[in-house]
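First comes the structure, then the notes that go with it.
Letters A, B, C, D, E and F mark the chains as written, and numbering starts fresh at 1 in each.
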Amino acid sequence: MEFTHFNEEGRARMVNVGEKPDTERVAVARGFIEMKPETLKMIVANRAKKGDVLAVAQVAGIMAAKETSRIIPMCHNIFLTGIDIKFNINEENSTIGIEARVTTVGKTGVEMEALTAVSAACLTVYDMCKAVDRGMVIKDIHLVEKSGGKSGIFRSEKQDV
Amino acid sequence: MEFTHFNEEGRARMVNVGEKPDTERVAVARGFIEMKPETLKMIVANRAKKGDVLAVAQVAGIMAAKETSRIIPMCHNIFLTGIDIKFNINEENSTIGIEARVTTVGKTGVEMEALTAVSAACLTVYDMCKAVDRGMVIKDIHLVEKSGGKSGIFRSEKQDV
Amino acid sequence: MEFTHFNEEGRARMVNVGEKPDTERVAVARGFIEMKPETLKMIVANRAKKGDVLAVAQVAGIMAAKETSRIIPMCHNIFLTGIDIKFNINEENSTIGIEARVTTVGKTGVEMEALTAVSAACLTVYDMCKAVDRGMVIKDIHLVEKSGGKSGIFRSEKQDV
Amino acid sequence: MEFTHFNEEGRARMVNVGEKPDTERVAVARGFIEMKPETLKMIVANRAKKGDVLAVAQVAGIMAAKETSRIIPMCHNIFLTGIDIKFNINEENSTIGIEARVTTVGKTGVEMEALTAVSAACLTVYDMCKAVDRGMVIKDIHLVEKSGGKSGIFRSEKQDV
Amino acid sequence: MEFTHFNEEGRARMVNVGEKPDTERVAVARGFIEMKPETLKMIVANRAKKGDVLAVAQVAGIMAAKETSRIIPMCHNIFLTGIDIKFNINEENSTIGIEARVTTVGKTGVEMEALTAVSAACLTVYDMCKAVDRGMVIKDIHLVEKSGGKSGIFRSEKQDV
Amino acid sequence: MEFTHFNEEGRARMVNVGEKPDTERVAVARGFIEMKPETLKMIVANRAKKGDVLAVAQVAGIMAAKETSRIIPMCHNIFLTGIDIKFNINEENSTIGIEARVTTVGKTGVEMEALTAVSAACLTVYDMCKAVDRGMVIKDIHLVEKSGGKSGIFRSEKQDV
């Protein structure tokens, strides 16, 4: 196996996908942000109000997915057909789980878009809460599953708590 | 303590920092990407060549730091005076540690810029290596230290391996 | 009828259009900027020269149409096949009418692109003239017509003066 | 009086503000989006839930204010110290009023940033609701007041209903 | 023959390509940056190390190709299937030749993307070396060849040294 | 002398300018685009009309100057106080000369902004005219002069025709 993002001179390139067929592709990524129990309580309490931390994180994640090819140098700029982000508040572990599901119909997969959406949403939660808790940690961002395209279906073996 | 990113209607806002003085500010953030030992070996072998995975990740991290206010909705758009990124290859844990140090002279801190640089660099390593290892995990992105500004010096208590 | 931009948790999402066919789509939007008669006279006089206010507004409108998915959070990032902007100087009402016509071949309509082009062109006229007239008002930005796609043809009932 | 955005050849330029002092500057802009009474009712009903139309519009407005110099060609790229957006639901007129207040400490005013924030927030409301009401109209975007800088205080004479 | 980028009012527009078929298209562009022999020696010496001037220039060129429609006002925003950049160090002329090859499957050509990639890579070499040589000159950026689309194959008659 | 854009590991960084004073800085850059005499005649003839090739090139150059830190990876994102672009039509050489003058008050120079403005304006002329002349060549983009900052005044020895 070889890295595909290098040309014959050993330099980075954006891989040519011109001969790949247009197929429907889906990628799901997940990550977590761990914080003090008090911080999580404040986020939950705040959700009852009109605007909330997670509403901003969600918009951030969706917008970042569309920006992926501008953040990740060798990513193709592609048309995304759908982006959805969900949150899982886990009071036991004092974490918020963030899951992004991205779809396209095209020549290349959308795992980077899903991972970027999760990263941006986690960073936004950090930003919105940092005045009360600078010790938050963004954890375990990984690809959960991916389908469509020649490489077939991928499913992570990682057990999320 | 309260979240500062909400206005009196409970809606998100970009906090007014107009009355803060311009001071020198530094933030250091760190994160890790864990992969199969073979993937790490390929990255190390590849470094000997002209272009390498980490060179691309580094440019991505630096450029993302400058994009922070466009990725994180409530972040101020600020002038950064310097950005530096370092890598720590740990063959024992099969991880690459990525550390970003960002400086500014201004009215607001740069922790989001440092965290965003680390996230983008981790995502770029994932992208460059995903053809050989889709199970990589981005781990433990956190603020290491921060100085400058009224809130004083912050140093993480997190023990990095 | 329901808002389509929300998921089952009630949170915003970018609607999945992956199953829609690629069809030719057109949208036309219109808006107005009202100003003092003297300001309008200056714009008209200036048009005789090499560069003019409306030439800059036109470039702004075309570029903003291409940026729509980065300005409007839930908009799809789509390939636009054509953008054209026209101006209608109305000395009687002391307004400039701005009309944008945007086309695509794709899975989703371009009404937001046409409305965004008109908005950016209006804002640019304001910017170029604000040193002489800060009281200008941007008025009645609306969709004039739209065709292509499952929802069929829309034609505004609004009577523009 | 003269347009300031043209050079001696009659071509557009970005005006040199290098000799202006850094002063605190504020601008407030306002606009409206008019819709069917049923659409307004749906927005109000939806607000009770976790995410809402106005939460997305608010993030869009704040992010667009930071993008102003990339949307309006002759605008300076400036550091904004604060951005706040408020909504006024008027069931009698079946409109939502959107007001943006932007502040900076710098060499040039922020009226374009406030007007751009209002425009983007209005466009986002349109986008979120267009599946149920394509006839919405964005109305009367104008500068309400502005202070700081040599040109002194501006207050609109426009009477908003 | 006529310029195609103007509408019937004589104003700039983004040409409508909606009726063009999707075909595979390739464009190759080339340019040079001329410098002092000592500067070129430093670049070559530096290449032996982990990061190098050309690695950064290459990432810049690839990212700029993806940004073309945001830099060149009347360019269509298109999906690129591949981007590759090569360098040719010519010690005799004390120049670095930069060649970009861009491909797409779409309705419009990619010559602007290839030319923009070369320009950005040249500018980046200048930026990375300007502390030692401000007199560098970017020379002879031109289209080398182009294929795909109705206008057929173009091959430059320019003789590169 | 040494390249400043590398850290002690030999990797690229954004140089720390935090200790530099804020001074007024100016940079002037120039470049040329050479074309068939018939193409130049068409551009000149077209200038008499409302919109023209050079009006679009000028807006492109000004907007690109503001984007420099997003195109050139190691450039600081800085506030520009002014940007002006001038054209010199030379029928004898069948070229258009493009000169950009950029100013700032800050900690770092603006030569990259001036060079980027010239490059984008040249590329835009190419784009607007490519339907009639694909053989145009962008030539001799160079820094003409620079002042402000510790490195003092630079004046190019290059003789432009």
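As a convention for this text, a contact is a pair of C-beta atoms (placed from the backbone, for glycine too) under 8 Å apart; a residue touches a chain by one contact, two chains touch by 3 or more.
Predicted model, so just to flag it, every value in this text is computed and none were measured.
The minimum number of touch steps separating subunit C from subunit F is 1. C-beta contact counts were set side by side for A-E and A-D; A-E has more. Listed candidates were C-D, D-F or C-F; the one reproducing the B-F interface, defined as more than half of contact pairs identical by residue number, is D-F. At the interface between subunit D and subunit F, under half of the residue numbers involved are used by both copies, so each side presents largely different positions. Chain geometry summary: the mean Cα position of subunit A and that of subunit B are 16 Å apart. Mean C-alpha positions place subunit D and subunit E at a centre distance of 37 Å.
Chain centres here are Cα means. That of subunit B falls 31 Å from that of subunit D.
Residues of subunit D in contact with at least two other chains: 9, 11-12, 50-51, 54-56, 58-60, 63, 67, 70, 73-74, 79.
Chain contact topology: the protein chains form a pattern that is neither a line, a ring, a star nor a complete graph. Chain pairs that touch one another: A-B, A-C, A-D, A-E, B-D, B-E, B-F, C-D, C-E, C-F, D-F, E-F. Residue ranges on subunit C touching subunit E, taken from their complex, read 24, 54-55, 58-59, 62-63, 65-67, 79-87, 103-105. Those residues of subunit A lying in contact with subunit D across their complex are 47, 50-52, 54-56, 58-60, 63. Every residue of subunit E that touches subunit F in the complex is listed here, in rising order: 1-6, 9-12, 31, 42, 46, 49-51, 53, 55-56, 59-60, 63-64, 67, 70-75, 111-112, 115-116, 119-120, 122-124, 126-132, 134-143, 146, 154, 156-158.
Residues of subunit D touching subunit F in their complex: 7, 9, 11-18, 69-70, 73-74, 76-79, 106-107.
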